[in-house]
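Both complexes below contain chain A, partnered by chain B and then by chain C.
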Partner chain A sequence: MISLTSPHRTRAHDWPAGLKLAGLCLASTAVFLTDDPWVMAGLLAALALAYALPGRAFLRAGARALRLVLPFVVLMLVWHLFTRDLRMGLMISMRMVLLVGLANLVTMTTSLQGMMGVMRWLLTPFRRLGLPTHLLETAIPLTIRFTPVLIARADALALAWRARAARRPGWRLVLPLMMQALDDADHVGEALRARGGPLKPAEQED
Partner chain B sequence: MERKLAHVALFAAMIAALAYVPQITLGFGVPITAQTLGVMLAGAVLGARQGAAAAALVLLLVALGLPLLSGGRGGLGVFAGPTTGFALGWPLGAYVTGLIVEKLPLRPAGLLAALASVVGGILVIYATGILGFSLVTGKGLMESAALMMVFIPGDLLKAAITGMLVQGLVRARPQTLSWYRPATAGRRL
Partner chain C sequence: MGRSLVYKRRRCGRVAEGETNLAEDPVRLDGLGYEAGGQAILSGITLHSGAQKIGVVGRNGSGKSTLSRLMAGLLKPASGTVRIEGVDVYADRRAALRTVGILFQNPEHQIIFPTVGEEIAFGLRQLGATAAEAQEQTRATLLRFDRAHWLDAPVSALSQGQKHLVCMMAVLAMQPRLLILDEPFAGLDIPTKRQLARHLDRSGARLFHISHDPADLAGYDQLYWLEQGRIIAEGPPAVLLPEFTAEMMRLGDQDDLADISA
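Moving on, here comes the complex of A and B:
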């Protein structure tokens, strides 16, 4: 499973992940303070520059990640065209793009390990309270490992369907997929038990 | 304990894998993804606590930067976008779905699962989704709700499919469902 971290190394890759996340929180809050479209446009230009500086590949990946807000930008602009409050529509649209763009920037420049480090740090108080946070350390790699396995299973099921039926495969494939996942889970559970259970808190300190 | 952990992790992986199942497009052009089907199934099959854990695990991995949402979306940007409320509602939706199948003595199991999915997978997730959309875009709750109505038919379809899948699971392997009580179990001699 490939993380969304940009393979194109930027200087921001070396910054501490916690610092970037804290900065993101601050910046995202600050975005709500301004009410001036020109300030917002300036911020957007700065964001675009931040995406463009590391090179074309980085910019393209960033633009692709921003696609998810595009329908909503269109929706907001059309909506406010009807209510004759285009300034408001522009503000909302720019703020949406800015918020998502900032967040994606952090994701693109932070490795999975860096993120997990911050997560572990954030969980410290819960660990102190005695919550079994170490279960998460076992569950996360399991899910990451098994997602491509199950995708391959789904593909195999779809192929088997196509070999036998003229109609397109649909929701019916979900039942065998789910039963296979449940079988896998039983096997993995037994294997974990045979190896002494999930990672213990002491073993994850490395 | 290991078994529960493995169930949560594998169901999370299944929710992620369902993102790659091709989208079904409804007659009037609204795409629906199979992922909320996975969330409904997590609640209906694993029950409230483990179902919610599986849904939350997917969100955690998305936040860590993995592209596990439909269309290869992922990363922190998902949680800043206008649809964040829908994603954040997943664990609660799975929890409510699971709670209903565990507590409500209704038969057949498929009907119960479908009903639970309507409440947990649609009512709850839309409630958080509409709230999130309203917060991000600054639209009123009613306006936001009106915009979301186009997606309701697809989600009703998914709730019905959840019911059929659970019914299939009951027929094939009822012991998987911890909440399932065979017809005679309630009035044992």
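Moving on, here comes the complex of A and C:
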């Protein structure tokens, strides 16, 4: 299940998305200004505190999201063990965790609509040029919505296969899965049209 | 090879006075036809109705889904016209959005957004509401359905019946004059069906319900029987449904699954 925004309301949920994203840009740049591992460790501790403040559920969800960087951290440390520059490896690893952790914090406390609002504002010059930017604003939530649906489709196909075959399914499911995805796309197109999807919202007509 | 059964449209029982005022009927289909791959799916559909609850019964493959999509303005008629409250729903999409809403059979084919709130707000934005207005109306809609706590709920965490309700809330939030239902209850258990039907009755929208199940349409005002792309009979449910059921039983005792219509 993909729900990047935390259902656990925090005070940061109410901050403007643009402000959070701008702050993230600044903080991410600032992380590269220090070369002191102690400063970095302090920042990491502050990050951990930020995750812990909204409560245990939030902390656990955050930790789960951050597991993604773990393999890269291990790879980085092992590599620098070989090159005998463990200090460098530690710095890079901490920086990486800090960057991903900060970005994830913004993701968890910002609704998709908030993100889309910022994107819409950033795309204003392109819209002025006549590009249909509203299509992008629909495409991104569609991707998030249909990732779990496609995974469920793949699971169902694999089940149907295993119900009548002794061997495990492999690449042969790719084509039927693709056909189903195209079929789904047709249905979504229809649903979009039924509620005015391809039209621009009235206020965008400038 | 199609079957050689030829039906002639007939009227079963009397249609109540005032329900067929041709000039003002809000639902008007005239000579409506549709083809796919050179094959006629629907032909010569003429249907004028001012009833509050209109039903269409028909078997699988009788053209029910095509009819619902034509009425929602999602398909271009090959011939004839669809006018709902005077609006050509295919040509005038902006007016159509305020006039017709459609509920599909499978909620997975209808839900576009990852959270309930976004799903409901989408249609409102398309109607011209600002983000703040859409948010406000979304909350109001959820409150009306006693589901205020669903605002940020991820769609993927909902049960099948709950997804159906999300689709219904998203469409009803747009306050359509006519709500088209394409087998919206297929595969749902009886309590879920009854709850959803109660929400529909309370919505105040005119209903156009298409189904293969006579039980879904028992309480409707005016029914039409669709067979092989044509309306072959119309009348009140008390007369038409027993005839339909008897014919379905008769066919069920035969073997017509052998025909391939492609």
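Note that the second predicted complex is superposed on the first by the 168 of 206 C-alpha atoms of A that agree within 3 Å, B and C clash if a C-alpha of one lies under 4 Å from a C-alpha of the other, contacts with A are read in each partner's own complex, and residues count from 1 in each chain.
Everything that follows uses one rule, which is that contacts are C-beta pairs under 8 Å (C-beta built on N, C-alpha and C of every residue); 3 or more make two chains touch, one makes a residue touch a chain.
Computed from a predicted model, the values in this text were never measured in an experiment.
Report for A:165: first if it touches chain B alone, second if chain C alone, otherwise both or neither.
neither
Thinking of the overlay built on chain A, is A:74 touched by chain B (first), by chain C (second), by both, or by neither?
After superposition on chain A, A:74 lies in contact with neither partner.
Tell me which partner A:112 touches in the superposition: chain B (first), chain C (second), both or neither.
Both partners, chain B and chain C.
Between chain B (first) and chain C (second), which, if any, makes contact with A:184: first, second, both or neither?
both
In this superposition, which partner touches a larger number of chain A residues, chain B or chain C?
Counted on chain A, the partner with more touching residues turns out to be B.
Quick one: is A:139 in contact with chain B, with chain C, with both, or with neither? Answer first, second, both or neither.
In the superposition, A:139 contacts chain B only.
Under the stated touch criterion, which partner chain does A:92 make contact with: chain B (first), chain C (second), both, or neither?
A:92 sits against chain B, while chain C stays out of touch.
Is A:26 touching the first partner chain B, the second partner chain C, both, or neither of them?
Neither partner.
If you stack the two complexes on chain A, which partner ends up touching A:193: first (chain B), second (chain C), both, or neither?
both
On chain A, which stretch or stretches are contacted by chain B in one complex as well as by chain C in the other?
1-3, 5, 112, 138, 142, 144-145, 149, 184, 188, 190, 192-193, 197
Mind listing the chain A positions that touch chain B in their complex?
It comes out as residues 1-5, 24, 28, 65-66, 68-69, 72, 75-76, 79, 88, 92, 96, 99-104, 106-108, 110, 112, 115-116, 119, 135-136, 138-140, 142-147, 149-151, 153-154, 170-171, 173-175, 177-179, 181-182, 184-186, 188-190, 192-193, 197-198.
Quick check on the complex: what are the chain C residues that touch chain A?
Checking each residue of chain C against chain A gives 69, 72, 74, 93-94, 97, 101-102, 104, 106, 108-115, 118, 121-123, 125-128, 130-131, 152-157, 170-171, 174.
Under the touch definition given earlier, write down the residues of chain B that touch chain A in their complex.
Result: residues 1-14, 16-18, 20-21, 24, 34, 37, 41, 45, 57-58, 60-61, 63-68, 71, 73-83, 136-139, 147, 161, 165, 168-169, 172-173, 176 of chain B touch chain A.
Can you tell me which positions in chain A touch chain C when the two form their complex?
1-3, 5, 7, 111-113, 117, 138, 141-142, 144-145, 148-149, 184, 187-188, 190-197, 199, 201-203
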